[in-house]
Each structure stands twice: as C-alpha cells, then as structure tokens.
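Structure in structure tokens, see below.
Letters A, B, C, D, E and F name the chains as they come in the text, with residue numbers starting at 1 for each one.
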Amino acid sequence: MTRAFYWLIPHPLLTLILAIVWMFLQNELSAGMIVFGFILGIIIPWGTSVWWPDTPKSFRLRKMIRYSFVVIWDIIVANIEVAWIVLTVPTSKLKPAWIIVPLRLKEPEAITLLAGTITLTPGTVSADLSDQGHSLLVHVLHTHDADAVREDIITRYEARLLEIFS
Amino acid sequence: MTPQIIGTYFVCLFLIIGSGFVLVGAIGLLKFNDPMTRLHAPTKVGTVGIGMLLLASVVHSFDIGEPSTHELLIMAFLFVTAPISANFIGKVNIHRRACDTPPDPPLDDTWSTLSVPESDRDG
Amino acid sequence: MILATQFLNVALAITFLALALGQVMSMVRLVLGPTSGDRVLALDTMVINALGLVIVLGIHQGVQIYFEVALLIAMLGFVSTVAMARFILRGDIIE
Amino acid sequence: MSLFFIVALPFFGALLPGLMNPAGRSACAGVTFTVTLAAFVGLLTNLPAIIAGDIVTARVDWMPALGLNFTLMLDSLGFFFALLILGIGLLIIAYARQYLSRNDNMGEFFTYLLLFQGAMVGIVLSDNILLLLIFWELTSLSSFLLIGYWKHLPEGRQGARMALTVTGMGGLAMIGGMLILGQIVGSYDLSVILQNRELIQADPLYLPALILILLGCFTKSAQFPFHFWLPHAMAAPTPVSAYLHSATMVKAGIFLMARMWPVLSGTTEWFVIVTTAGLITMVLGAVIALFKHDLKALLAFSTVSHLGLITMLLGTGTAFGAMAAVFHILNHATFKAALFMSAGIVDHEAHTRDIRRLGGLRRLMPVTFMIVMLAALSMAGIPLLNGFLSKEMMLEEAHHTVLFGSHWLVPVLATVGSLFSAAYCFRLISHVFFGPVRDDYPAKPHDPPAGMWLPPALLIIPVVVIGVAPFVAEPFVKLVTASVLGNAAEMPSAHLKIWHGLVPALYMSIIAVLGGLAMLFVFRPALRLWDAVPRPEAKVIFEAIITMAVKLSQVLVLPLHNGAFTRYAAIGTVTIVVAGYYAWTTGTVGAPMHDMQTADPVLISGWGMLVAATIGMVFLHRNRFLSLILMGIVGLMVSIGFVFLSAPDLAMTQFTVEVVTIILLLLALNFLPNNTPIESTVLRRMRDVAVAVAGGLASFALAYYYMLRDPVATSISEFHLANSYKGGGGTNVVNVILVDFRGFDTFGEIIVLSIAALLIYALTEALLSGPVRTRLLNRKPDQPQAGGVHPMMMVVLTRGMMPVVMMVGFYIFLSGHNEPGGGFIAGLIVSIGVVMQYMASGFSWTSARLKYPYHGVIGAGVLVAGFTGIGSWFVDKPFLTSDFTYVRIPPFQEFELATAALFDVGVFLSVVGAVMLSLESFSRLARRKDAVDSEHPMDIDPSRSDPVPRTAGEGV
Amino acid sequence: MEFLIASAIGVMTAAGIYLVLRLRTFPVILGISLLTYAVNVFLFTSGRVVAGAPPVLRDDVTTYTDPLPQALVLTAIVISFGMTAVVVMIGLGAFLGSDDDHVDDQPDTLENEPEGKV
Amino acid sequence: MTHWLIAPVVLPAMLAPFIVLAARYHIGIQRVFSMTGVLMLVAISAGLAWATADGTIMLYQLGDWAAPFGIVVVGDRLSTMMILLTTVLALFVLIYAISSGWDDRGRHFHALFQFQLMGILGAFLTGDLFNLFVFFEVLLIASYGLMIHAGGTVRLRAGVQYVLFNLIGSTLFLFALGALYAETGTLNMADLANRVTLISADETVGIRVAAVLLLLVFAIKAALVPLHFWLPSSYAEAPAPVAALFAIMTKVGAYAIIRVYTLIFPPDLAITAGLHDTWLLPAALVSLAVGMVGVLAAKRFDRLVAFSIIGSMGMVLLSIALLSPEGIAAALYYIVHSTFAGAALFLIVDLVRSGRANLALTAQAPVAGATLTASLFFVAAIAMAGLPPLSGFLGKLLVLDAAFDSDLMVWIWAVVLGSSLISVVGFARAGSVLFWKAQSVAPSADADPVTPPATMSYVAIGGLVTLLALHTIFAGHMHGYTTATAAQLFSPEPYITTVVDTPGKLSDGKTEDH
C-alpha cells in the first residue's frame, strides 16, 4: 500500500503544494479543482523530477510551519525598524558591516532557506557564500554590534533549520 | 458599520501602509551612498510594501463580493525571488569592488564570487 | 459607505502617488548609477513597483482581470535582474 | 515557297552548323550553304509573282492587342534586297570556307552568319513595323557576335561593342519613331502605313517620328555623324566585312529609307536632313578613304561614302533620285562585295593589308588583279562598268538639287565626292598591284585556290554586263523603283543607258575622273598635309565617351550604393516622412470627434518614466549594457501602459517577450564590445536628430489625429465582441480572435517564430563549422569573471520553482480562452522556466536532462496547429474552423472542449521549441574549449564535502 | 490622455529613428526595438482607447475596449520578437567573422572582400 | 466545399515542419519531399489559374468566418497567375539548388524554401491586409534564412542590412495598418474598398496618409528608388538559387500595389487622388534609370544583375503607375518576363562564380562550360536589356504603347529607351569581358581544376530561358490573359460582392449586430 502510494506519488509534499497552488491560481475551492490540482500535482513532478537529482532526505513540515510564522513576524517587526533607519538615520551616521555566519547546515536547500530568511528580515542581506559553502556572508545595514546580529541569526534561524532538516 | 465598510477602511489602511513602505524602499535606494547599503531598502521594504498592497487587494475583493486569495500566491513568488535578486546584486557589488571587501571566511579559502580560477583572473 | 469610498479613493491616490514617486526615484538611481549593481537594483525595484501598480489598478477598477499579469511579473520579473547580474559577473549568462 | 519558310530557314538552319561541327569544316559550310540555297531558291519561286507586280503576303497573329503580328510581305523592293542578301550570302559562305583557318570554330561562325542572314531577310520581308524592329535589332545583335567573332582580339571586341552601341542606340530611337507612326496611323502594318502619307505628314508628331526613324537608319547605314563605327567593325573576319558592309547590314538603313520613302519623303524636313547627311557622308567618306593604308579600312570608308551617295539620292525625294538609288544599291553591292573578298584574298596571301607594304602584285596574282581592277574601276565610275551608270545618274540628280537655296552646293560637293572616290580607286589599283614586285612581303603571295577567287569573280560578271548593256538591268531596276515610289510618285521616264549626250553630269564625271587621276600624282604631298591636320579619332572619342559614361554612372550610382546602411535608413525615413507630409497637406483635416480623456496621474507618471527611459537610451546608448537596462524599463512601462489601457493579454506578452529579449541581447552582448565609440561627426548627429524629430513628430501627429476620431463605419470588432462566446466559445475576445476569428494570422505567426529559430540554429551551425569556430573556442572573456558559475541559491530556487512554473504555465494556457493568457504566453512562461534552469545550472547539465529535440517540438507545434486546421476538412468546413462542446465528468465542473485549444497547443509547442532552440543556439556559441562540463547543477554543495579548516595543512 | 499616448509614441519613434541611424549594429537593433514599441502602441490605439474596460466578456459589463487591435499587436509583438532574435544572431555572426560591428560596409573591407565566400 | 485554394499555403506550411521533424539529417529525403511538394504546388497553382481564367472569383473563408470578420483567401486571375508564376519559378530554382549542391551547404535549406513559398503564395492569395502583413513577415524571415544560408562573413554583413531595412519596412507596414484600421474599422480589402467610399471629402488626411504609407511599404518590397537600397548587396551576396527565387519577391510588392491601388484606392477615387501619379510614376522612372545606369556602373557581375533587377522593377512600377488597364496588363506581362530573366541571370552568375576567383568584371581565364554559359548569358542579357526578339522587348513595347496617353509620355519614352541603351552597353561590356576577353587570358598553372557545372544546372537555367522563349512566342496569349486580368481588376464589383456577401459562420446574426 505504502509502496503503491509512493510509486504513484513519489513527492507527496510537492504534490500537496502544487495542489494548493492550483487552488490559489483558480481562486476557487471545489471538489473538481482539488482533484484536478492533485492530478497535476502528480503529473508535473513526474515531468520535472530530472531537475532535482538529490532532494533532502528528511524534512519536518510541522517545524517548518512554525518557523514560517517566526519569520513572518520578524519580517513585520524588522521592516518597521529598517524603515525607521532609512527615514531617520543620516547617511553619515550609518554603520554598515559585513558579518560572517559559519554554517552548520549542509543541505543546499537549508542554506538557501537560511539565506532567504536573512535577506527578507530587514537590516541584513545574504550577499555570498564561501567557496566551499561553509560560511555565509551577510551585510548588515546598521549595527553597533555585529556579533550580536550573527548570534541572533544562528540561534533564531539556523538552529531551527537544523531541526527541520534533520 | 457593515463589514463591507470596515473592510474598505482596512483596504485604505493597507494601501497607505504599503505605499509608505514602497516609498521608504525607494528613498533608501536613492539616499544611501554605498551600493551594499542601497541594496537593503528596496529588496525588502519594497517587498513588504507590495505585500501590503496585495493584502489590500485581497480584502478589497471580499469587500466587493468577488472574494479572491490568489494574491497570496503573488506574495509567495515575491518573497521567494527577492532574496535571489539581492544575492546576485550583492555578488555584483563584491565582484566589481563597489563596496568594502568582505573579510575572508573562517572555514574556506575565499568567497565564492572572489574565487576565480587562475586562468580566468586576467581575462 | 460613501465616506469609506471617498477614503478609499484618497488612499488609492496616495498609493498611486507613492508608487509613481518610487518609480521616479528608482529611475534617478538608475541614471545616476554609479555602479552596474545599482542600476540593476533600480531596474529590479521598478519591476516590483510596477507589480504594485498593477495590483492597485485592479483595486481601483474593481476587477480581477490583472491577476495573471501581476502573477507573471512576480514570478518572472527577477529573471532579467538575475540575467543582468550574471552578465556582469560572468559575461556569459548561460554556461 | 511561303515567306515564313524563307525567313525561318536561316533561323532554324542556324542550329545545324553547331551540330555539324564535329563532322568537319566542309560539312559546316556545306550545310550552311544548303540552307541558304534553299532559302534563295524559295525566294526565286516567288519571282513570277513579283514580275507580275503582285505582292506576296503571309500573316500569323502574334500580339494582336499590341498590333504586333507576324506579317510578311514580298514586293519587288523586298525581293531585290532578299536576293542580294541570300545571293551574296551564298558566295560569302563559299568564300568563308576557304578563308577561315583551322583554329576558328566554324560551327560558331556559320551559326552567327545564319542568324544574321535570317534577321536581314526578316527586315526586308516584314510587313509590320514592330516586327521589322525586332529583326532590325536582331541584326545588331547577330552582327555583334560576328564582329566580335575573334574574341581574343581587343579590336574585335571593341569594334563589336561600338557597332552594337551605335546601331543599338539607333534601333532604340527607331522604336520610338515606329511607335509614334503606328499611333498616328492606328496600325503597325506597313501596308496600312504606306497608304497614309497625308495623315502622317500632317501630324504634329511627324518630325519627332522622322528624326527617330532616321536616327535608326543613319546609325545602321553609317551616315554622318554616325559613320565612325563601320571602319572599326573591320576587325571582323573578312567574310563578315564583305557580307555586312557591302550588301547587307549597312544597307538595312538604306532599305528602310527606301521602304518608308512614300510616306516620309517629300517634305522639307526629309529633304534637308537626309540630303545633307548623305552629301556630307559621301564627301567625308571618300576623303578619308583616300588616305587609309589598310585595304579594308579604305574599302570601309568607301562604303561609307557610297552609302552617303545613296542616302543623298533618296533624300532628294524625286522619282529619278529613287531610281538612281536603287540602281546604285545593286551596283555597289556587286563591286563592293567583290572588292572586300579580294582584299581578303590579298590579306590571306600576303599576310598584310597595308597598302604601303604591298605593290607589284599584278604579276604575282593576275586573277585577283583582274577582279580588283574591274571592280575598282567600276567604283571609280569608269564607263562600260556598272558603277559609271549609277554615278552618272547621281550627278544628274545632283545637278537639279537645290539645297539651302544654293544651286551649286550639291553639284560641286557631289563632284568633289566623285573625285575623291575615283582617286582612292586608282590608288587601290596602282599602289597594290602596279609598281615593282617587292621582296619584303610578309608572305609570298600568289593567286588563291579557285574556291576563293571564284566568288568575287562571279560578282564581276554583273559589273561588266550591266556596265556594257544597262538595258538588261532596267526592267528589274524599274520594278524595284516602283515599289519604292509606291503611290507617292510616278515612275520616271528615263532609261538606263551609257550615253545621255553632253549633259552636265558628263562634265562632272570627267572632272571627277581626271581629278582623281591627278590626286594620285600629288598623293604624297596630300598625305603629308592630311597627316599634319589634326582630326578627331572616332575610336578614341567613342572610347572616351563610353569610359566617361561608365565613370559618370559609377560616380552617380556607386557612392550611393556603397553599403552605408545608415544613409539608406536616413533616406528611407526622410522619404516616408515627406511622402506622408505631402499626403497630409494635400488632404482635408477632419475635426476631432471626441474630447480628450483626462489623464490619470498614474498615466502621467508612467508616461514620464517611459519618456525618461527612452530619452535616456538615446543619451546613454554608448554604454550598451545600460541602454539594455533602459530598454527593459521602456518595455516594462509599455506593459504597464497596456494594463492601464485594458489590455492584460498584451501586457503579459510584452512582459514575457521583454524578458526573453533581454536574455537574448545579453547573450549576444557577451561577444560584442560593451561600448559604442563616438564616430559620427556633430553635423551628422544633428542631421540624425533632425530626421528623428521629423519622424517622431509625424508619428505623434498621426496617432493623435486617429485617436480622437472614430472609424467611418462600425468596427468589425463589434462582431467579434458579439460572437466571441457564441461562436468561439470563449469570453476572452482577444484570445478568441487569435485562435479562431483570425487563427490564420496566428498560424503565420508561429511559423515566423519557428523559422526564426531554425534560422538561428542553421546560422549557429554554419558559424560553428566555419573559420569562426576556432576563434570562438579560444576566446577569452573581455572582462574579469567572478567566481561561482552556478550559484547555489539560484540553483535551489530554480529547481524548486520549476514545477510551480509549469503549473502556472498550464494554468495560463487553460484559462487563456476565458481570461487573459493563452498558448503563446504559456509557452513563453515555460520557456523562461527552462531558461532559468540553464542560467542557474549551466548549459551542459541542463541539456543533458532535456531529452526533447527542440526541432521536433517546433515541428510538432506547427503540425499540431496545422492538422487541427486540416481536421475541419473532414467535416467539410474550411481550414481552421473551430468547434467546441461542453463536457461534464464528475467530479469536475462542466468544462469546455474546443478545437481552438488544440490549435493553441500547437502554438504553445512551437513557442517553447522556438524560444529554446534560439537560446540554446546562442549559448552554444559561447562554449569554450576549456569549459568543463559540470556533473552537478551547483558548484558549491556543502553536503558533498566536509569542511576543510583553512589553517589546516592537509588540503583537498 | 490621448496627448500623452501620442507623444509617447512620438518620442519612442524619434529615439528609435535616431538609434537606427547609429553606426553600430547594437544600437541600431535597440533602435528597431524602440520603433517596434512605438508602432505597437500606435496600432493598439487604432481602436477605442479606454481605461478599465478589458475585452473579456462579463455578464454585467457593456463597454469593452476594442479587442481587435490587441490581437493584432499580439501578433506583431511575437513576430518582431522573432525578427529581433534573427537580426541579433545575424549581426553577431557578422561581427564574429570580421571583428567589426559597423552596420555600414567599411571601405577597406569592400576593397579586398572575398566574393561570395561559401 | 473545395479546399484547393488554401492548399498552396497549407501544403508547404505542413511540408516544412515535416522536413524539419523527420528528415533533418537526410538531404536526400529532404530533396525528394521538397521536389514533390513543389511539383504538387505547380499542379495546384495551374489548376487554380485554370479555374479562375474564366473570371471566376474563388473565395475561401478561413475558420468559416465571413469576411470582413474573419480572414479570407481569394483567388482571382491576378492572384492565381502570380502563384503559378511563383511555383514554376520555384521548380527551376529548386532543380538548380539541388544540382549545384547549394542546398547542402547549410542547414534547413528545404524547410526554409518551403516556408518561403508559403509566405509568397499566402501574400498573393490573402484578401486581408493584416494577414498580408503576416505573410510578408513569413516570406521575409524565410528569406533572411535563405539569404544567409551557408554563412560567410560578407554574406552575413549584407544580411544584417537586409534584415534591418526590412524591419523598418515592417514597422512602416504596421503604422499603415493602424492608420487604416483607425480610419475604417476594418482590415479586409474588399470591405476597405467599400468603406473608403464612405469617407467624406472634408476629412481625407487620415485615409490619404494611410494610403501613402501603404504604398511606401509596398514600394520598399518592390525596390522603388529611393527605397531600394536594401536590394543590391543582399541579392548579390545571397546564394544563387536564393537570389533567383528572390526574383519573385520584388514582385510581391508590385502585386500589392496593383491590388491595393485598383481595389481599395482605385485611380478614380477622389479622396486619394494625386498620390500615385505624383509619386509613383516619377520614382519608377528614376528606378529604371538608376537600375540601368547601375548595370553600366557595376564593377562586379552579381551587382550588375542586382541593378538590372532594380531597373526591371522600375519598368514594372512605371507601367503600374499608369494605373490604366493597358498599363497593368503590360506590367503583368513584364512581371512574368522579368521574373524568369532575373532568375536565369542570377543562376548564370553562379555558373560564372564557380570557375573564377571572384566576380569582378575583369578578364580571368575561361572555365569549363564557358561556351554554354556564355550563350545562356547572351540570351538572358538580351531578355533583361529588352532587346528583340525576347519578351523583354515585347514588354517594353507594351509599356511604351500603354504610356502613349500619359502626361509624362515624353519622359517615359526617353527614360525607357535611354536606359535600355545604357543597359545594352553595360551588358555588352560585361559579357565581352567575362566571356570574350577571358579567351585572351591563359589559365594560371596553379589554379585548381574546376569541375564543370552539373547538367541539371544547365537544365534549370535552360528551362528558365525556354520559359522566356515561350513567353515570347505565346506573347499574344499571355498578353491576352494579362489584359483580361487587368480588366477584372478595373471592374472589382464581382470581387467585392463575392468576398463581402458570401455568408459564413453566424452570418445570420450579422444583420442584427450591424
């Protein structure tokens, strides 16, 4: 039964996401749409699976959802901060800095997620990765304590991502 | 005060917040004098600004009786792609030496953008 | 309701103005540069602002018809940014 | 024999000598001779009818609407000329067989000769002046080939071109004249035209027609001032000279003047022009001939002179003059052909034609001597030879001719002409044949075989017979003269006879002969004088004129067409603007039908962006990358404008196309210089600005005018709006127009796109298999490259997005019929999704995973669209007729199945195939030699390796 | 509004023409692209120009902008995209062969040009 | 329902992708399909010409939509004559392309060739102006591909200019179409003909500008001076069979002028008065002069032929510009003539090219097959220069005859006859240098032995020359046909009513909506 399920739907998460995307696209919630969305969610991964030869082994969806809420909250709060900085801090008083985040994450997907989170949460932009992928280069817009920012990133995001991808 | 009217006020609110953020993003882009700092403002302030506008659109659609949520999809795309753009522009700035050169990474030799094979270095 | 509609109209006007100003400022940055990165960034910002314009137009006209346009801009707008950045970085955008 | 056969025989016969070439030289000549003989005999079969005064005709309609028909007519004039052409032709053929050397391609020669012969016969037998024109120009062409027969000789080529140019020019003028004549009369048939003398001469277009026709005649017959080509045509083999310049081609002009005599002559214009030209030519030709040292040149100018004589006779416009002309044509043909052939014999034997190197041949070549002496004396006008008779008649006619009010002008000049004529004849005889035998001839001369001397000898027979017994020729001459005169004049009562009594002509003749003899004695001082006087050299002048014409044409044309595209474009733009401005100013401006709509602030700001970006492109275009960014903004603003103006489909298309275009241009810019240098001058730039502003203003004015007005009737799009759902099954009218109402346009459009891709692919192949390949393989990037070829974040994102992009594409495709979207946009979306993979993960990695041959995708797309269209044939509906139905399968809602959707699948496939094939081709160019094909999509993947501490010595 | 649209068309046309008259292939191609934008908008405006009335049928809507020019412009956009791609490729091919991206023939290349090289 | 009328478009349109799909690596199979396709096209075109010869107007409503709402394809004497001309030309060109191996020197020749045919045939058949634009683009883009077939830097440089100029032309076409639609609200030619009569005399600028822009668009295609600059180098640099096929491309422009200016803006239409006679006729005279002077001026053989094409188009356009039945009849006769003559000359250029270092008009050693080549050149040059006895001369006579009543008669005659002389001198010079002077040049010792052209190459050129001869011999019939064609053009009512009044899908609702 399980084998049959995985044979039919090798990527259940993706299928689900696609079905949801389909519903959003159609802007409509109906039985037909759901069925059709799932059909597409099965067919499309078949056709596109050549593009991801090595997907992450494990992924904890529930933790991911919790993580998402954290990030969304951070985005909202920090956006206001940055807006404040942009509007009030004169250019000459601005203290930008490079910070380097050593990575414990290994999966490309996880690192990408981390980098994306850093960029989306205001005040920081992930600019580059080290040539072997073990450090992340982050640019901070305005800070007096770069180390604190790094610590924040590591504890608040990377730690959670480590759990999600373990 | 029908739900509709409340909705309309919410639409107004979101619109104004959104436009504020959009404006701030643009101001940041114009104001700062260093390419890397300029990168901050629009890539996310702008993103949130547009997100607010999308939210306004969702509320408005319920308001006018044609409920739609597909704007959320747009928001998702925006949030997924914005970091990539920012990443690339950051790389451009590093590559073009348009900003302070970042310190070397602790674990690896150098940053990916600066790791140019010897043969290509004087291209 | 009339008041709310009036508010909405004012809010829409403000939004249009903000988006337009945003565009103008981005345009100034684009022309000023000075680095290629700035210019690409300005273009990227303008694309996102344009997306905002499309959405607000939809609200303004009370139609859903522009959804597909907005979706496309959101999904593909970054492609030209990336392509241009890649061009600066590598010269060759498909290697 | 039917006239058709007489004309057609030489033409069809012309195929034979070439075929007989392998069979040998005699076979060639034999078959040519036979063909000519057949035509000759065929001609003779018509003799009884001619003698009876009948006119033999034949007619086949060719282009009746134009009045050009294959109408032939044989009267005595035509018969006379045809007789000369074919009769002398036979002799020339026999002579040529002996004359041509083994190195000469005989088949080619006789082919040309027969073509020429046919054309000549055609001229004299034509009853339709347009048909006559055709044969007329054919003689120019075939004589071009004959004169240029010895291709290796520059003189031959030059002479041929000169002859073609001069006679061709005359021929073209004559076309004009003949067409006018035909328009006046209302028919191009000679027999009709010849009946309308009064009508023609009263028409205001008579003079132009006359001048144009005479231009044709004069050039052909080498009349002053067109006489110069003839001597240069002597570079041809002697048989050609003998044929063309004694009996045939040069006589064509004379023939035509005689032919048109009844309708054209008798007016002052005719008289003054023709007589003057003839007189000048006669004198000038004779004078020049005297001082020529080349035998053939001497004969050539003598021919010029005699043609002038005949022309003058025709010009007088009297019946007697006409009769004298006819008689002299006959006589000249006989003695001149004999002389030419004899000159050829001398040349052939002594290997030179230079009179100064000859002399004393009388003893060495007695037979030739006899022939030349008789012929030359006839030409000199010595009694008992035929030349004397016609020359007497000429002098007699000259005596009566009053030109420019002067009674003595014509007689004196005629006498002078005769005098010089006699002089060169005497010089010919004495300087070549008399005097001591020399020991320095280039070759030892002796009489040739009979085959060579017999043909000229045969011609001497009429020279003598007519000279002694002119009455023999009289009936024939009068018969021909009657044809010339037509209804225009009565037959003169005069007879052909040796003794007319002591008339002025006799005295003039005596003066001429004696004076000619005297000239011979003062020849050396006269020659010194002649050499001392500077004269225009026709050949030099002609060459100069041609060279000048070529240079002039090159100056006129080549600098304009030097490949300066920017100038072409400027000229084109100015032309368009000026033409549009003209159309505008000559029309009436309608009032606006609407008020202007108020401008939204959004629109104003969008407008500002658009204008700023556009102007920015102009000012910053030297930085190519920057101008590309600005173009992106222009495109973006246009898209937004389309959204604003209620065109979501357009906005989407514009936006996606923009993305692909920018990718494409970036791929190209990688190879191109990044900057455009300043090269044009300030003046040039100002010119360009002026042109551009003019164009801009024009398009502004047009757009503004049209926008404020409505069409003159309800737009056809009302039908589309009304029937889009009913007949096309979709609510997105734009899409229904694209796939249904105007699906044929879309079919063409995807084909354009497919061709573009195939072309790009083919060109890439050509470049990669040519010399460019090595350069491409070894090229170094022109700017420093950053590290990180396949950045990890980008790779991860594109992977993750791929299924979603596909789904969105599918959605856009499906919703297209009712909402904005459709196959085209869906195709672009999917393509961009794949391109994202290419950009992120690299060319080879991505290609390795794409198993679809893009060619196949394109082909399949067009075929799917096409077969969808063809499908409607099976239900007896036209190509691309759509049909749709609503289906309900639980749990789905009712949905629509439309053939238009299948058509859209075709569109989708061709778009994907075309875009991908193009981009793939572009990026193939950039594959460098040292490029390493990546195994992995990203160049950093920490999950593949453990961290290596930087400080640690043990490395990778 | 009409004035703005018309003037935008005019400006794009003028700029397009100016760039078309430049001496190198790349700006000329950009100029052609600008001309294409201009003419597409022009063609678009040949119908009714209305804001907020897309030609997608709705039950309660009676005014629509003219759909036909939109379909025509769509076709035109696609075609000119193909054309642009082609001219870019040909121009690139010419540049790669001669290291010269002048759009005008150069006098020196004319002199010793290899005729009809295969 | 007969579908034959659409076959000339659909057949090559389906054959080409099929060749791409199934046979792109097998030149032999490509050749078989391509040749079969062209033969079928000849047969179909002949059938259509036969069917319309009696004056029948054939109508085909694409998608079953009635004109003017859908696109229609219309077969009348003119359009079927032009497609027959095209397909016959294509047949001989294809024979040459195959026999000379040109088709194998680059990729996708046969697919592009079929697409090219599709574009040309569609342009001749369509009854819709925007659809004409689409077919123009199809034929243009295919021609770009064919023009740069096999690559080479010089060819590519010429190709860039060719494409760019035509892109300007396409832009102009769209401007014209926009103007027309704005003014009339329709795109169908017959419907346009009806609607322009509704425009009142006090608001004519709109339609006048539209009309003149349209004229200029077609003038570019027809290489009318001063819009002809794209022609010389692109025709000279194009591969021979392609240049030969291009002989019909300029005629597409001429055809479109004839069609539009007899059907939509006929000479007696007051609101567009003064547009064609003020502009077209003088420009055509200048074209004729420039072309023939160019023949004299050319320093290279291929350029010479290209200029002669410009000249011949001047002749065609001048005859069209008379806008009289006689003028159009003469123009059509001349179009057939100059198509074959131009094609033959371009193929001869290729024969000359294959044996020489270059095509400069300088003496170089004669090559294998020179005698036959020279003979063919002589005949083709005679035809092109308009010397008797070939159809060029008859065409010239027809044009001169038709021009007799024109105000510019003296100018026309002077230019026609004068330029004829110039071209005769030019062709004689060229021929004498290429074929005669060559005999005084010894072949250089190190020259590679050149294989003589294939027999089938001569057959192809000989075929074209034979067609010229037949065009001459049957001039009466041909001219009769073109006269009938012109007559049909000058009484367009049957055309218009057939197109506009034939009902299609949902036509019953038509009256309600209108």
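The definition used in the following text is that a residue touches a chain if its C-beta (ideal position, glycine included) is under 8 Å from a C-beta of that chain, and two chains touch if they have at least 3 such contacts.
This structure is a prediction, so every number in the text was calculated from the model and none was measured.
Common neighbours of chain D and chain F under the contact definition above: E. Nearest to the overall CA centre, using the mean of each chain's CA atoms, is chain F.
The chain pair with more C-beta contacts between its two chains, of D-E and E-F, is D-E. Chain centres here are C-alpha means, and the one lying farthest from chain D is A.
Measuring from the averaged C-alpha position of chain A to that of chain F gives a distance of 61 Å.
Look at where the CA atoms of chain A average out and do the same for chain B: the two points lie 14 Å apart. Centre-to-centre spacing of chain C and chain F amounts to 48 Å, using the average Cα coordinate of each chain. Chain centres here are Cα means. That of chain A falls 23 Å from that of chain C.
Residue positions of chain F with contacts to 2 or more other chains are 130, 134, 137, 141, 144-145, 148, 150-152, 156, 160-161, 164, 168, 175, 178-179, 181-182, 187, 233.
Multi-chain contact residues, meaning those touching two or more other chains, occur in chain C at positions 17, 19, 23, 36, 40, 42, 64-65, 67, 71, 75, 82, 86, 88-89. Residues of chain E in contact with two or more other chains: 20, 25, 28-29, 38, 40, 42, 44-47, 51-52, 54, 56, 68-69, 72, 75, 79, 82-83, 86, 90-91, 93, 97, 103, 105.
By the touch criterion given at the top, residues 60-61, 63, 65 of chain C touch chain E in their complex. Of all the residues in chain D, the ones that touch chain E in their complex are 562-567, 569-570, 573, 596-600, 603-604, 607, 610-611, 614-615, 617-618, 621, 624, 627-628, 631, 634-635, 638, 641-642, 644-650, 653-654, 657, 660-661, 664-665, 668-669, 671-673, 676, 679-680, 688-689, 691-693, 695-704, 706-708, 715-717, 720-721, 724-725, 731-734, 737-738, 741-742, 745-746, 749, 752-753, 755-757, 759-760, 763-764, 766-767, 770-772, 775-776, 818-820, 824, 914, 918, 921-922, 925. Listed in rising order, the residues of chain A touching chain B in the complex are 21, 24-27, 75-76, 79, 82-83, 86-87, 91, 94, 96, 98, 100, 102, 115-116, 118-123, 125-135, 137, 139, 141. Put simply, chain D touches chain C in their complex at residues 600-602, 604-606, 608-609, 612-613, 616, 620, 625-626, 628-630, 632-633, 636-637, 639-640, 643-644, 648, 651-652, 655-656, 658-659, 662-663, 666-667, 669-670, 781-783, 785-786, 788-789, 794, 801, 804-805, 808, 812, 815, 819-821, 825, 829, 832, 835-836, 838-839, 842-843, 919, 922-923, 926, 931. Residues of chain C that touch chain B in their complex: 1, 4-5, 7-8, 10-12, 14-15, 17-19, 21-23, 25-26, 28-29, 35-38, 40-42, 44-45, 48-49, 51-52, 55-56, 58-59, 62, 64, 67, 70-71, 74-75, 77-78, 81-82, 85-86, 88-89.
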